[in-house]
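Written out below as structure tokens is the structure these notes cover.
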Amino acid sequence: MYEFIAFYIFAISTTILFMITVMSKNVLYAMTSLAAGMVMISGFFFILGADFLGVVQLIVYVGAVMALYSFAMMFFDATKDIKEKHNNPTLVFLLGGLMALVFVIIFSAPIIGENIEASYPIVNGVGNAQAVGIVLFTKYLVPFEVAAIMLLVAMIAGIILAGKKMDISLTKTVIQKEPEDEILKESK
Amino acid sequence: MDATILPEVTAVGVIIKAVLILAVISAIAGFGTYIERKVLAFMQRRLGPQHVGPYGLLQLAADGIKLFTKEDIIPQHANKIIFSVAPAITAATAFIALAAVPVFPDFTIPFVDVFVPSIASDVNVGILFVLGMMAAGLYGPLLAGMAQSNKWGIIGSARTAIQFLSYEVVTGLSLLAPIMMVGSLSFVDFNDYQSDGTWLVVYQPVAFVLFLIAGYAETNRTPFDLLEHEAEIVSGYVTEYSGMRWGMFFIGEYANMITIGVIASVVFLGGYNDWWIFAGWFMILAKIAFSFFFMLWVRAAWPHVRPDQLMWLCWKVLMPLAVINVVITGLVMMAG
Amino acid sequence: MGLEKFKDRNVGTQNYIKLDLTHPPKDGWSKFKQVLSRAVQPELFVGLWVTLREMNNALFRGKMHTTQYPLEKLPISPRYRAIHDMLRLLESGHYRCIGCGLCEKICISNCISMDTRYDENQRKEVSEYTINFGRCIFCGYCAEVCPELAIVHGGRYENASEQRASFSLFEDMLTPIDNLNLQQEYQGFGAISPNADDNIKKTPLAY
């Protein structure tokens, strides 16, 4: 009963919030609704009893990824509307609509065919974090480690890109110019 | 604590608990402003608020009346919706974080026989939930700064974003070592782990200090309160706010202070176990009160750091220390 | 005798504490050492201890600094230049002002205006005397120039009023005739405040 109500609340609010993200011309609205939508998605995990994943959704998407987006947004004037450029609105509408239709068919086909099976069903007595850990370190060990190495590479690359020429001050650069005056040259 | 003895947690009990947390914590958060002013005044040999009520106790009511009746100003070029929503985000996330934290002990309301649990929602990943909610609390200052079209506001919210993102790393890593020792993310397990009287701070002093430092940075307390540093950026992200909207930021900040105090008490300082002749409820209240007092004490004693020192401290000192602490804890656990 | 003796201003025996003005560390390792020594040295805890000690002093040893102003007031210096007082002669009770007009003349903000006439004994009598306190800058020239010590600066510094005129009349500034025995004589420009002895403290460097 409670799950039923909660599911519909979360579903409706997620849909509306992501609609705003797509439709709005204002960067601030789009960003806010995207972040709020991420929070609402974590609600689904909590309903399904996957507390750990719900919290990870909160921390990773809301706390880190979206915060980085919004940090980039600070370089723009967030209060202004953006002028969008549509060269061919019918084509965009058609392609977008087709994509949405394909996704709906893909995801609803197993539901209609009634053959969904959980490959890793919830085991009683095993906590959420433990269950994720067991799967992560047995079946998905290689992808997990590869992802870790990729992130490490990305981090090192980021540090190098950002840290290039860090020993030179941008504000206190003293450029020693050769004096153009001949007398000054001689006195030097 | 055996789970079978406990009566069933009903929806009514949880709702009562939620209302209780909301009422009591917002009252305490308001009262915290009085305590802060009083303690800071005493430490500077002043008297503090004194004229409203006995010893100035009703100053809280006077402030409340003032905040509620003040004109609600929305700047002309601000984004009105986001501007109005932002304070609510700060206050709401602070209180949602308290949903997974044990605030008072269990009790049963007599006559109607409703069991009120100590934790409103006992998710078994309590610590992560609180950290995640405090991470989401970043959006309050962030959106407030971006919506108000004020340069001080946007500088303030940029500082908020940097500071929160950086220090979340330290908070998470410093809590990771005790989490590894206990092997659970639930506050109740942390409490039970320390029921033999040895507090986790004995095993994890480095993690405790790191957590306190990062917690002060995340609650915007003094050695790191650069988000609304008056001397540099008028009032940071609250520059354009007035009246009750400003008050909501304030309540959120104080509720976060209490949350940090609760986490420090439960994870590191022995939780709500009985100690010597004192009952558990008294111990947890005393610990939270002391950590609150310590925040005020630190504010009276220590100066600010500069923003660059703040980042330097986070990424070059605290984070490596936290990682080393985690590695050493892991090695010791594997050996032992 | 040369002037060296007078040029040596280091009178007395102060023990000046020399600041340790070493140059800031240059390379990373010495910076790290500096941070480490500052963190390990208990300076932060000294700060905590000092604030706690002051709290103890304030709460339990009665060393609270606050003066609760409207209820208690600090004594003001006799040199303080507040609202003027017109004094009376102690023997006869007649006001001291002889109507010479020097104060009106010297007043740099033109706020004193007075009018005089000869009375029946052919003495000068002040018929009208007002000070516009909206203009007065309390420079004190009028009190300084007065040959009879008739106009002096009193101690009334709480200048809030519903209208300016209410404390600018001669009669208001004049000592009431029945309070003549309470009239305070002007102590002169070098006078020290009554609690001057209490205010003498060590300079911060002497700690």
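The letters A, B and C name the chains in turn, as written, and every chain counts its residues from 1.
Rule of thumb we're sticking to: a contact is a pair of C-beta atoms (placed from the backbone, for glycine too) under 8 Å apart; a residue touches a chain by one contact, two chains touch by 3 or more.
Computed from a predicted model, the values in this text were never measured in an experiment.
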Checklist entry - Of the other chains, whose C-alpha centre is the longest way from the centre of chain B? => result C
Checklist entry - Counting C-beta pairs in contact, which comes out ahead: B-C or A-B? => result A-B
Next on the checklist: Distance between chain A and chain C based on Cα centroids, please, to the nearest Å.
Outcome noted: 65
Checklist entry - When the centre of a chain is set as the mean of its C-alpha atoms, what distance in Å lies between chain A and chain B? => result 26
Next on the checklist: Using mean CA coordinates as chain centres, what's the gap between chain B and chain C in Å?
Outcome noted: 47
Checklist entry - chain C: which residues touch two or more other chains? => result none
Checklist outcome for this item: Residue set of chain B touching chain A in the complex reads 11, 77-79, 81-82, 85, 123-125, 128-129, 131-133, 135-136, 138-139, 142-143, 146-147, 149, 154, 157-158, 161-162, 164-165, 168, 184-185
Checklist outcome for this item: Counting only contacts in the complex, chain A reaches chain B at residues 2, 26, 28-29, 32, 35, 39, 46, 51-52, 55-56, 58-59, 62-64, 67-68, 70-71, 73-74, 77-79, 127-129
Checklist entry - What residues on chain C touch chain B, complex-wise? => result 35, 44, 47-48, 50-52, 54-55, 57-59, 63-66, 68
Item to check | Contact footprint of chain C on chain B as seen in their complex | outcome: 39, 42-47, 50, 297-298, 300-302, 317
